[in-house]
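Reviewing the structure listed below.
Every chain is named by a letter (A, B and C) in the order it is written, and numbering of its residues begins at 1.
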Amino acid sequence: MSDIKRVPGSVVTRSQAVAYGGLVFTVATAVEKPADFYLQMKDALRAVDKQLAAAGSDKSRVLTVTIYVADVARKAEINRAWDEWVDRSHPPVRACAEVVLEGADLVELVVTAAAGHLAHG
Amino acid sequence: MSDIKRVPGSVVTRSQAVAYGGLVFTVATAVEKPADFYLQMKDALRAVDKQLAAAGSDKSRVLTVTIYVADVARKAEINRAWDEWVDRSHPPVRACAEVVLEGADLVELVVTAAAGHLAHG
Amino acid sequence: MSDIKRVPGSVVTRSQAVAYGGLVFTVATAVEKPADFYLQMKDALRAVDKQLAAAGSDKSRVLTVTIYVADVARKAEINRAWDEWVDRSHPPVRACAEVVLEGADLVELVVTAAAGHLAHG
């Protein structure tokens, strides 16, 4: 058994999430790709929840998120989905930058979390 | 008490810094936003210092920094502020990429540090 | 002796790799800069291998990689080099974003790995 747990993704050349040493790393985009920043952000955050669960964490344990967005002028829509999702008792550090994403992606989330569940503090 | 320490930011939906498992994560932009890459970088690094202090670390313990900059052609000005700031006995790994930032931001810094102070080595 | 190991880079103001608390952080670009995405990606991954070795890790222990690329439309060439390089028994989490890089750089890799070698799992 390795000390690194890898959650398989859709291709064999990358993992969906990796857990090691009390940390969980995952990257998510929207599963559906409508031309709507709010809906893609909401969907990508839903993917984050699932991937964290698969790797042994949850949103109360997220440490930091980098949001890559296809148009930073649409940040209000991104923030709306974020504000609905975030655990306000345990908010992560957050960065946000506009980049060019692949295909129909409007958002890509790079997440580092602590392993475990149900933080109190 | 949680094993995760969160330093509150200006809004309840994100933290300014987070400490967990010997690591500290923080993101900083300039507090003042003059149209000057050197001054914004200097100011953002000052914010990093404050935020690391609030989370129990300092610049001698910084592991890695990703610099998002609004114009990579202005990297000399970024480097000038960096070179004045960095602890040359304990320099971090560094990445630098031009992205589109929000509003008047010219620089955004994503920092991972080790907890603790006064590294010797 | 510090608990942080820093591998010196080409300038004193940054490190090539840093190891701390079971984690290794490194950033790499291609050493040679031909105008060819595949060749630069291949070369940058070779640099990752060297830098991980210097810091006490290897590609079987890579946790997550962020690929900054100068043209996301050239992702097939990036993927070709990735697929040749990656350890399919231990694939990392991966993010990819188009940004503007400095000078002739077509790719920049930001890598987090676990310390140690020869993972089995």
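Everything below uses one rule, namely that contacts are C-beta pairs under 8 Å (C-beta built on N, C-alpha and C of every residue); 3 or more make two chains touch, one makes a residue touch a chain.
This structure is a prediction, so every number in the text was calculated from the model and none was measured.
**Q** For the sequence-identical pair chain A and chain B, what is the superposition rotation angle on Cα atoms, to the nearest 5 degrees?
**A** Rotation angle, to the nearest 5: 120 degrees.
**Q** Do chain B and chain C face each other with the same patch, meaning over half of the contact numbers show up on both, or with different patches?
**A** Comparing the two copies, chain B and chain C contact each other through largely different residue numbers, since under half are shared.
**Q** Would you kindly tell me how far, in whole Å, the mean C-alpha position of chain C lies from that of chain B?
**A** About 21 Å separates the centre of chain B from that of chain C.
**Q** So which stretches of chain C touch two or more other chains?
**A** 21, 23, 99
**Q** Which residues of chain A touch chain B in the complex?
**A** Touching chain B: residues 21-23, 61, 63-64, 66, 72, 75, 79, 82-83, 86, 88, 90-99, 112, 114, 116, 119-121 of chain A.
**Q** Which stretch or stretches of chain C touch chain B in the complex?
**A** Against chain B, the touching part of chain C is residues 1-6, 9, 12-18, 20-21, 23, 25-27, 68, 99-102, 108, 110.
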